[in-house]
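You will see two complexes here that share chain A, one where it goes with chain B and one where it goes with chain C.
Right, the complex of A and B next:
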């Protein structure tokens, strides 16, 4: 039986705590008697018969007819699936999307359906490389569909491939992939790594255009989402759900398939990363020392490659399908079961080690904007109830934060960093002044459509993602970051954790409480 | 005796200056042909000449090139040794028995050389294009400060032709006036673009000349957008103050221009770009960048004094870019067709834009080595313009 999450009260005998620092890590001694460390629950057991569970779910959906009854010859069937941003790290083959898509295709074939399109639901993310598509859907599916133009990636910038479905009562425009909208059935294959994923967000975001996305990816919505991991308190989700209703009312028929994974994040050579430090064996300690020393001597580029080649031993813990809302309710329960950790009270200082990866830099560079997004957009929002850090408190991240960008994946990020953040870091100001210009820039549009670039507006969304944390906290400090990058973000650089704590004392006093979020593996703090 | 900084023709000293200058900009002042001497006063070469007493004299990029042995050999026939540098001069002059504060217009054109009739350029008011700068009653020298017969501003006294002198308004400070000559160069450069309205112009380089060009573009042309690329934060801050509506560090310029103009790109080359670049640096890298970010049929105006450069001109050919020089001043044609003397406009700009704020530090002649090194490293040291101050008592 896996152990639940745990909150360790740090005392003098507590060993140093592991902090991620991009493609590396350090051990840090937290002050005794006023610090605590939150550890994720141990991985839940995987389903015994994954393929059997998938087939069972397809035949026994929630609040919807079994999939075979929805399939008929001559119909238009579209299967959309989550893109390269999930899961993290990428999972060992076979990817869960492959297993689900193959099961759906088997049923479609049995029903005589021959008009099937498979679409990567990119939203405004970069296009996936062929090797990434093959990893996600498997070689068999890829080779059968891609060469015939029936497996492709959503293009949010081709007006001929988009369908405008109407507006929500709040005036939010709903425009999604035309093929998906026009199909007799849209099957969405999701991976629910965190509670934020899935539900109507899958289609209303993953298959949408900028015209739609701007209604919920904006500073007001993001600041009013408390948190993204709590659907009922998230304006982001409420907007997506309203858009989902517009889709249903327009006749879009969605068969939602959601899966959850356990948090078995790192393969055995890196097993110590998921363990609690006082439980490290001699082998774990040796692995840590050996890995750290090797990484310290390895050029960043190579270290990055090593880490991005890690394949997680994630396993599926649940699969459910049917009506979107009903399915997502159960999915969320499974996610919470794996990730919730009860935490009593808020903290003055929240510390977090930022790892090498985020949803937006797979096989790429965690540039400074993404460092911000990981810390303030994701880790800060890993809560239910109240934020882990009190209002006016301090967040301390550890990451090298180099002034470095992937020129192919993140071209608009470079311009955003150089031209926008040099002028303002206020999400509302930069949104009003620059968002439209970046969103409609022909060059970014060209690179998004034909190369592997994130959409021109994407760095704005990353910035908005962190806007609640920026509004909430009194100071943000990055330890070990390149000073000029950290300052450009509007944060304070510090050389060591002790320096950072000293700097934080200006804001939270001399004896603040400290909480370290020991992630990854991912957890959600249920703060009471 | 006249205390003055003098440059001798000495090949070994120029060679030493070149080596020293390579090691550290401005170090040519310690090992090169420049020295502080007490000299006999110069004889007046002809009628119309008089002795003036410099108050402030700026240190210009062309002076620094000479001191560090980097000046182009192009100048050899149009300078005469030994000469006293200094052509950005505010001075006291006795004109018709009245002591007046004046600024020197240093170009040694036909009027100063007693050449009559004047060459076509001088006759047209384009003094900077004088075709007789090596002829006439005085020795060769393109400007005061490069001619052995006139002396230069880095001294207690020098000679000037009455046609070179502009009496200063009483309410204009010496510091503002010290920037008039470089401002005239900048105004000429700004108007060389022939802008008619609505253009987007990049000013590449934000030293004295770049900043003055920004001020000139705003004051005397109808351009809409001015983008400035500079190396140092204090430079870009001043550029904003003078009217630039966009600034960036030089390495970010191409991306800023692409984004600002909505251009596409291939490699390092934009498909579109700005209407014009005013290149106030003038080296291979700046000219290459200027060509890469100028739109087809656009214009690159070279104001920064170049020497030998290596340049890929395929871009210029393919995109039909105009590459034009901008040297000195004379008479300008404004966009509305009105003709004005550049120096009059520069005096006006010095007053309205308070150009004296660019004068970071002044030195007495005795501290010339410190002054030269400060000027040669102005950007790094948070400075813009350095000048000699002859109002101070020399040691």
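Right, the complex of A and C next:
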């Protein structure tokens, strides 16, 4: 029986705690008697018969007819799936999307459906490389559909491939992929790694255009979401749901398939990364020392390659399908079951080790903007109820934060960092002054459509993602980060954790409480 | 007509050779006569008249003892042979592409568990099929794998049988009769965690087309609970099919299907038909693609791997046409290299 999450009160006998530092890690001693460490629950057991469970779900959907009854000869069927940003790290083959898509195709073949398109729901993310598509949908599906042009990636910048469906009562425009909108049935294959994934966000965000996305990817929505992981208090969630209603009203028929994974994140050589430090065996300790020593001597580029090649042993814990809202409700329960950890009260200082990966740098560089987004956008928002850190508190992140960008994947990030952040870090100001310019830049548009670049507006969205945390906290410190990058972000650099705690004392006093989020594996703090 | 110039052999060498031959002949004659003089018990006893001596059971064929071939030492030797010379041979001659191994992912053991035994059922066109299967089957099954081999062919002599047992971990399977002994031995091995490669067609294809599946694998699976892994091998028939004197290097494709078990109350005959159908669909998938194969299967129009009904030259003609459709089975032609001028 897997153990639930755990909050450790640090005392003098507590061993040093693992902190991620990008493509590396360190052990840090936290002050005794006023620090605590939050550990994620252990991985839930996987479903016994995964393919059987998928088929059962397709034949017994929630609040919708079984999939075979929705399929008929001559129909237009579109299967959309989550892109490379999920899951993290990429999962061992076969990917869950491959299993689900193959099961759907089996039924489609039985029903005599010929017109099938498979679309990667990228939104404004970069296009996936062929090897990434093959990993996600499997070689069989790729070889059968890609050469015939029936497996492709959503293009949010081609007006001929978009369909405008109307506006919500709040005036939010809904524009999504034309093929998906015109299909007799849109089957969405989702992976729910965190509670904010899935639901109407899959289609209303994944298959949408900038015209649509700007209505919820903005500083106001982000700052009003408390947090993204709590559907009832997330403005992002509400906006996506309103857009979903517009889709339903305009006749888009969606069959949502949602899956959840356990948090078995690292394969056995890196197993110590998911363990509680006092439970490390001699083998774990040897692996840690060996890995750390080797990484300290390895050039960044190679270390990055090694880490991005890690394939997580994630296993599926649930699959459900049918009507979007009803399905997502059950999915969220499964996510909470795996990730929720009860935490009593807020803290003065929240510490977090930022790992090498985020949803937006798969096979790429975690540039300074993404470091911010990972810490303040994702880790800060891993709560339900109240934020882990009190208002006016301090966040301390550990990451090298090099002034380094992937020129192919993140071209607009470079200009955003150089031109925009040098002038202002205020999300509202930079949104008003620069967003349109970046979003409509022809060169960025060209790179998004034909190369492997994130959309021109994407760095703005990353910045908005962290806007609530920036507004909430008194100071943000990055330990071990390149000083000029950290200052450009508007944060305070520190050399060591002790220095950072010293710097934080200006804001939170001499004897603050400290909470360390021992992630990954991912967890959600249920703060009461 | 031009005659080849003969190389003169020196006289001394001819004398030495003649002396060696004479000496060997003399020694042989003397040993023979010594044994003849020695008599029983140094010689075989003579049989009294009117007595018929019961025949000793043969240690060849289905009775060949292969127990030793599964000892740790033999396993270690076989692992070296499989990953070294056998893999090189297969890659050199058959250039295989392996598909569908991900379908076995759920059956891989977690942590320290032993791998669940599986029964692999490929179609059979060539002697190359076994080395190709062994090197394509993913770990951990590859390390604990026995191959059911025709007792009358592979175990007809001590030397052949020993080589087959050591190199391929072959197990004699009696094709002539319903060999209870073979089946019991295989059942025990599966219970001990050994996976099995067995050809449901019984033997190599005589004409390049598939043959009817026999019920053995389905029976074994129902009896032991080990899932059947349908497997399709494409291309080996053209490389080293039955009747060919030497292999013609080419490309091959190995496709693994999803493991299957007998449904509740399903008879061996029906299960066998399901296995045959699964292998046929994989054959279609290897020639076309996953989606086309699924569509054909749903429509019931999966091409019959046993080929067309008609006989004679038209059957061969159709086979050649089919081979042209895929990338496998075709001979890899030598690249012409023109001299630098």
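One rule holds for everything that comes next: the second predicted complex is superposed on the first by the 528 of 528 C-alpha atoms of A that agree within 3 Å, B and C clash if a C-alpha of one lies under 4 Å from a C-alpha of the other, contacts with A are read in each partner's own complex, and residues count from 1 in each chain.
Keep this in mind: a contact is a pair of C-beta atoms (placed from the backbone, for glycine too) under 8 Å apart; a residue touches a chain by one contact, two chains touch by 3 or more.
Quick caveat, the model's predicted, so the values are computed rather than measured.
After superposition onto chain A, the modelled positions of chain B and chain C are compatible, with room for both. In the superposition on chain A, contact of A:308 is made with neither chain B nor chain C. When the two complexes are overlaid on their common chain A, residue A:105 makes contact with chain C while staying clear of chain B. Touch criterion not met for A:449: it reaches neither chain B nor chain C. Using the contact criterion defined above for the overlaid structures, shared-chain residue A:414 touches chain B, although it does not reach chain C.
Once the two complexes are laid over each other on the shared chain, residue contacts for A:441 go to chain B alone; chain C is not touched. Chain A is touched at more residues by one of its partners, and among chain B and chain C that partner is C.
Contacts of A:76 after superposition: neither chain B nor chain C is touched. Nearest C-alpha atoms belonging to chain B and chain C sit 37 Å apart in the superposition, given in whole angstrom.
For chain C in complex with chain A, the touching residues are 99-100, 102-103, 105-106, 258, 285, 289-292, 294-295, 297-299. Within the complex formed with chain B, the chain A residues making contact are 414-415, 418-419, 422, 437, 441-443, 446. Across the complex, chain C is touched by residues 49-51, 92-94, 98, 102, 105-106, 109-112, 114, 116, 138-141, 143-145 of chain A.
Looking at the complex, you find that chain B touches chain A at residues 248, 252, 255-256, 258-259, 262-265.
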